[in-house]
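Structures given as structure tokens follow.
Presented sequentially are two complexes of subunit A, the first with subunit B as partner and the second with subunit C.
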Partner chain A sequence: MNRNFLSSVTIISLVLTLMSYASSGHAQSAQEKGLAIAKERKLRDKGWGDSTGNMSMILRNAQGEEVERKMHLKSLELVDDGDKGLTIFDQPLDVKGTVFLNFTHAIEPDDQWMYLPKLSKVKRIRSRNKSGPFMGSEFAFEDMSSFEIEKYKFKYLRDETFEGQASFVLEQEPTDENSGYSKQIVWVDKKHYRVLKIEFYDRKGSLLKELVNYEFTLYLDKFWRPLRTEMFNEQNGKSTELITHELNFNTGLSDNDFNKGTLKNVR
Partner chain B sequence: MNNTWLDFSVNRPKTVLIIGFMLIIATALGAKNLYFRGDYKVFFEESNPQRTAFEEMQRTFSKNDGASIIIAPKSGNVFNLQTLSLIHEMTEDAQQTPLSIRIDSLTNFQHTWAEDDDMIVEDLVYDLADLDQQRFDYIRSIALNEPNLVNRLISPKGDVTVINVSVNLAEGDQTAEVIEVTESIKALTDKYKAKYPEHDFYHTGVVLMNYSFATFAKRDFSTIVPLMFLTVILIMWLLLKTAVGTFSTVVVIASSIAVTMGVAGWFGMFMSTATVNVPTMVMTLAVADCIHVISTMLYGMSLGKDKKEALLYSLSLNKMPIFITSATTGVGFLTLNFAAVPILADLGNLTAVGVLFACIFSLTILPALIMILPIKQLPKQISSSKLSYTERFGEWVIAHHKRILPFTLVVAVTAIGFSFNNQLNDVPTDYFDKSTKFRKSTDFQQQHISGMANLDFSIFTDEDSGINKPQTLQKIEAFSQWLRTQPEIDHVSTITDTFKRLNKNMHGDDPNYYLLPDDRELAAQYLLLYEMSLPYGLDLTNQLDMNKSTTRIMTMVKNVGSKELTALESKAQQWFTTYAPNLKLTVASPALMFGHIGETNMASMLEGTLVALLLISGLLVFALKSFKMGVISLLPNLLPAGIGFGIWGIYSGEVNLGLSVVLSMTLGIIVDDTVHFLSKYRHARISGNDAEQSVRYAFASVGRALWITTLVLATGFSILMLSPFALNSDMGLLTSIIIVVALAVDFLFLPPFLMAFDRKNIKQELTHE
Partner chain C sequence: MFDNIVLIKSFKGSTLKTLFPLVAFLPTVVFAEIEYTGSAAVEQRYFFQDALYPQQERANLSVYFAPEAYTSFNDGNDSISFKGFYRLDQQDEERTHGDIREFKWTHSGDEWEVQTGIGKVFWGQTESLHLVDIINQTDAIEAIDGEDKLGQPMVTFSLFKDWGNTTVFVLPYFRERTFSGSDGRFRAALPVDTDNPIFESEDEEKNLDWAVRWQHTLGDWEVGLSYFDGTSREPDFVFTTNELLEPSLRPLYPLMQQAGIDVLALLGGWTIKFEGIQRTVMEQDYTAFVGGFEYSFVGVFDSVYNINWLMEYQYDGRDDITNVVAQNDLMIGSRFVFNDIDGTVILAGVVQDLDYSNVRSGFIEASSRINDHWKWRVDAWMFSSDEIAEPSYMLRRDDYVQLSIEYYF
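What follows is the complex of A and B.
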């Protein structure tokens, strides 16, 4: 029922957006414009299908000491729901082989399972929390899960040039009350609708973190992916760099590969 | 001697006043730069080893400075709908606290449990709608059995609960932030006090302590300083009975204070709980100078001199004693620079500056003012009955000197014996008087849940994810258990409790699995899973460093003395050398910083006192123009402090930071009495009198002046006792005691001593050589 409600909301808002586009010249509210930009962003990224990737996370503390974490990812795009993802941890060695399966949902808590190789058991994690740190990094789990329109209320703020690129600046307010943020300010470039930068504000409205994407690379002639992302925590001076070493599309993954029953066999 | 510059202020008073006040105002303008600093870090040098250890720990883990909101339902039971709703709502609202990074409460405690192969991570109280009696009982049993909660966030009886708000305070001056946070916490509390009137609220925590430091310093400034002014006016009026003299004195002390504060401001200094005493001290010391000048002038006028003549007479007689006593007092205060506590050094420097200006002003501004103001040709003869009273007292001492000397010796030795009762003890919460709100709150917290002090233990493995190793975990667990057996410790938060709980959860909540994981990979995988399931702000960064090579065990400690705290620290280090030689331990916390500072400061102040003693004795040899007298003066200069600390040993026995500076501070002050007494004594001896006659002369000529200045000084310093802040009130009390004792020593011990041991006729001595 919830799903139906949501999709009807989506349809209505889509219709509204189209109408507002059609009647261009008609004054568009900041909310409408924000939503339209977010939708275009989602739309431009539609159809990537599936991917596999290899990543490093470099954790740095305020004193500049650093430590590296490694993992590889498998992702599957879903049209009518959030994406599915598998994270396989490679480093540190004591968590090697641990697999994390996540079904992103816009409003309800994600479905999450974890395979612990040492226990050789799959555990389902039931938690409303999605803002905890991912592997001790400055990324919260919610920063890494897929972008869904229903997760936020949008508001267009202004146009701005960021690092030489003409951009829209949007405010997005999480709809989930368990989010760690009161709002995010997002810089989306006008040409490709790629996210260039995000500012994360904590629940009391103070700037918490800043994310900047670098080294955008085009895949399948359509999909831009940043190969390097920096997340800097403004409050404690720690930062995390996320580096994508390898990224492949059309790898032939299917829904069957994202199954809690077969987690033990995931490599 | 060249008197021209002093004559100038008598001959050209208007010029002196105009130039003087222009300079005074220009200097005093610096006071606009002054600001209050309330953070406890002002007590510690940047290189203080306990401070660097603490700051290092704060960098490795997330900061745990904070404010605690203590909630006591009048029903005596936390586990009911009303109270749980209150905690739940307040926890949510507390996230709006400026600079807050973490809120810990009973309701947002991350409760984990198992259902089949599901692991559930949820706030202990998530949904208020589904609360019923059964659920209350369940929550109660979870809370009271959770080692992470009991004695930290919930009392063992379940009657008092705490919400902890951790904040991220900047390095350096935190006063503005501390005030902002505290005011927000207070506003939050007021809101819920109105909404849930069946509850009592208290505030404690390091932030509140800092806030109290700042507010009490400000309050002392605005209450004690005006009171001191009134007292000075009253004393001057009673003793000298001259309106012009009183007015001029008030102008001189006000100028001295204004200029001192101005200098502090120009040098970019700040006001603190210590430097807030500067005006009172400067005032006290400046009054003495003025009294000498004015009373001698009045004496001159009573001899029939006119005002101008009498003033010049007074200045020429007093300039040297005022200079010498100011110099010795200044030296005494300057040796506070030996203190390991920066604000005590500030106190010493500023007061020394004030004493210097008081000396200058009482010799320039004061005579100039008296010159231009109308003063009646001799008010009244100084009452002769008092004069003879002092003399009669002197006669009594002379008559009974053979009995007084052994008696005073016995009293002195006994008192000094009691001074060994004193123990260094710095308990920051005890700095605040029992009548203060902050102290009442910490006492309430101590009574029901835990002390306010925390003590944090960092355990280093120096290995990436080294904490996960089973042998390391076992050591941490054994150490945590050892900590729990220590009588001083109320609460221990350790990562091993989390590991045991996770292991149980991972085995279907089988209590037999409430054990540490016996495998490094297993432990690491538990942690990975658990960390991802935690909400924002409740992560493990307060217990684990970035690469899980270091863990922090956080304990709540009873508000015990510094001895117990530092002993606990050494016992913990000893435990590690014995049982875990491969692991490194550091212990740190604000309480531990205070625990060490008393000892460090006392050691450095003893050095300072020694230097003060040498310098001051040197000055005395110069002033009394006699090496022998300089040596004799050591006794009456040192005895008062010994006896004073003896009295303190009987009265309290606890010596805090404030008292460690009393020794060198009083040395510079009490020396004045000795200077006056011995210089008159020596003057008489050189004129050919024997010891008895010389003592008589000394009593007659300076006896009255001595008890007047003692009265002024003792009153001035005892006004500090009104401070609700023990560092200041104890300092004021002990200083007053020592000043009074010093007079007693000069009147009761010194004369018999001189009569017993200074028998040789000086002239004979000279001819024999």
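What follows is the complex of A and C.
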């Protein structure tokens, strides 16, 4: 009896230990799996080097009225740090020639400058204002900066088929307290690790925006880029469509092209 | 391109062969695409008080045209840019004026660049006063804020390195400041005789000025150091009378040396800004500085609006402050950014003189887009000055509001 009791206690405690081990192991693996998927996503996009592109941004209000913005971009991939980017505004015409220079950093806030042609002035700007709208659109400044692993804590949620593509669904929680989001839910396709859709949740935890990528095109036989991105604001009914008209790789850009001293020459 | 084809057809055989490399090269040099852009505006000013002088009017209509052209060649390593300016003013014939703001050739190397021609540069970080910014002369007749500048002839050499950006300026020709005529507002009791300036330099406006500037980013800090040696952009005035015994003020441009420092630091929600100069002019040494902060409230009341608060203190150590507005003054301002599709911004502020409690000025600037080509803008200034010792005393009846309609192409 005594022995039986002991053994049953042993068995129960053993079972409990196993269960707790299994459950903690499972919780850990959701984070680990999330991180592994995010790392694979980053890895698949490694080595694109540099690019130039031509884009339009269509801003729509809830009544369906629209305004078009035009810009072109120059981007440079960096190995040990976040990417460098130049955005040159072409339309509306009163801001034509304005240049936005961004050095993305994984943990530290991005370094950002704006060149204002009217004053011939290079102005350092605060990247802590990352939740602010980019050119009056539904994209925030932080949505325009490059994807870095250190910016988020990841969690794998489930598998799901999104528009016919087998996908992982991840939760990513921004590590920066200045982010405008409490979390993002990301659909990544299993075959190419491309971001198909993102749901953005505001600081109060309500769904704020939904981004969907369309018309994926393969560049340099390796890198997938969506030529059309829709960002829809669930709370105010406004939306912004980002259309890539032209995208070129291996354009010969170097670090020198991303200097605040030469912004006045950028076209 | 069409001209090329005609050219090729008119030559025969061997001539064509020798010309071919040249012709192949031509389109990139001679026929590089020229980009034309620019802006124009109609501005209506209305002054709130009757003028101090009988020639002055209560209302003024003005238009300007500012065309720009740009072309690049040699794979973008060389470029030529042009920015012209012409204003037509209803009341003040001095304000009816033109200028080449920029007409320069830029040649870029790997980590260096040479610019030759007429250019415009801006140095500094503060908002209420630009102390270190010394290269370009102020086109003072344009606006009371002094932000409009005349094109400056220059040759510059810049080096862009890990340790910062350094530029050396050689400035072979001096531009005189512009002043309102007798029919214009914002003027002294006596006319400024801009036809008879006095220079300390024997070479007068052809004195060879030079300057050097180093600017660098150190994490969240922007740091600039500068030195200038040449004719002062800021004139003194000499009382004079002509043969008819009519009095006037002749601008006097002395030689000077100026060392400057400008700093911007991002600290939490605060942006700290500072500019300081040490100047030697007419056997006098003095310092002046302006410093303060900007604080941003992002997404006010759960909206997309930003409100920035600015406060800057201005100090000038000159003994004779007859011409110095910013000798001991405090600016408090606010920038309200709507973050809307039309890019609406409102900037408002007050500058209070701390030596004279009854001397202050206030301003509001608001602008917004109408569509891709058109934009409206409202500027208003108010001057309160009962103090004869202050230069702002001459503006005491010049409170105004201006509505501008701008066209961009």
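A few remarks follow.
Just so we're on the same page, the second predicted complex is superposed on the first by the 238 of 267 C-alpha atoms of A that agree within 3 Å, B and C clash if a C-alpha of one lies under 4 Å from a C-alpha of the other, contacts with A are read in each partner's own complex, and residues count from 1 in each chain.
Simple rule for what comes next: contacts are C-beta pairs under 8 Å (C-beta built on N, C-alpha and C of every residue); 3 or more make two chains touch, one makes a residue touch a chain.
The structure displayed is predicted, hence computed values, not measured ones.
If you put the two complexes together on subunit A, you find that subunit B and subunit C bump into each other. Residue contacts after overlaying the shared chain place A:158 against neither subunit B nor subunit C. Once chain A of one complex is fitted onto chain A of the other, the partner contacts of A:133 extend to both subunit B and subunit C. Once the two complexes are laid over each other on the shared chain, residue contacts for A:191 go to neither subunit B nor subunit C. When the two structures are aligned on the shared chain, A:262 is found in touch with subunit C, with no touch to subunit B.
When the two complexes are overlaid on their common chain A, residue A:235 makes contact with subunit B while staying clear of subunit C. In the superposed model, B is the one of subunit B and subunit C that contacts more residues of subunit A. Once the two complexes are overlaid on the shared chain, A:120 sits against subunit C while remaining clear of subunit B. Within the superposed three-chain model, A:62 lies in touch with subunit B and out of touch with subunit C [touch as defined at top]. In the superposed pair of complexes, A:98 makes contact with subunit B only, with no contact to subunit C.
Remark: of the candidate stretches 207-215, 315-323 or 333-341 in subunit C, the one overlapping subunit B after superposition on chain A is 333-341. Where the contact sets of subunit A with subunit B and with subunit C meet, they give residues 59, 61, 67, 92, 94-96, 119, 121-122, 124, 126, 128-129, 131-133, 136, 180.
The residues of subunit C lying in touch with subunit A in their complex are 35, 37, 39, 70, 72, 76, 79, 106, 108, 110-111, 113, 120-122, 147, 158, 160, 165, 167, 215, 217, 222, 264, 266, 269, 271, 296, 298-299, 304, 306, 339-343, 369, 371-373, 375, 406, 408-409.
Listing the residues of subunit A that touch subunit C in their complex gives 59, 61, 67-68, 91-97, 111, 119-122, 124, 126, 128-129, 131-133, 136, 180, 256, 259-262, 265, 267. Residue ranges of subunit A in contact with subunit B, taken from their complex: 59, 61-63, 65, 67, 89, 92, 94-96, 98, 100, 112, 114, 116-119, 121-129, 131-136, 140-141, 178-181, 202-204, 206, 235-236, 238.
Residue ranges of subunit B in contact with subunit A, taken from their complex: 59-60, 62, 95-101, 115, 117-122, 126, 168, 464-465, 468, 506, 519-526, 528-529, 531-541, 544-548.
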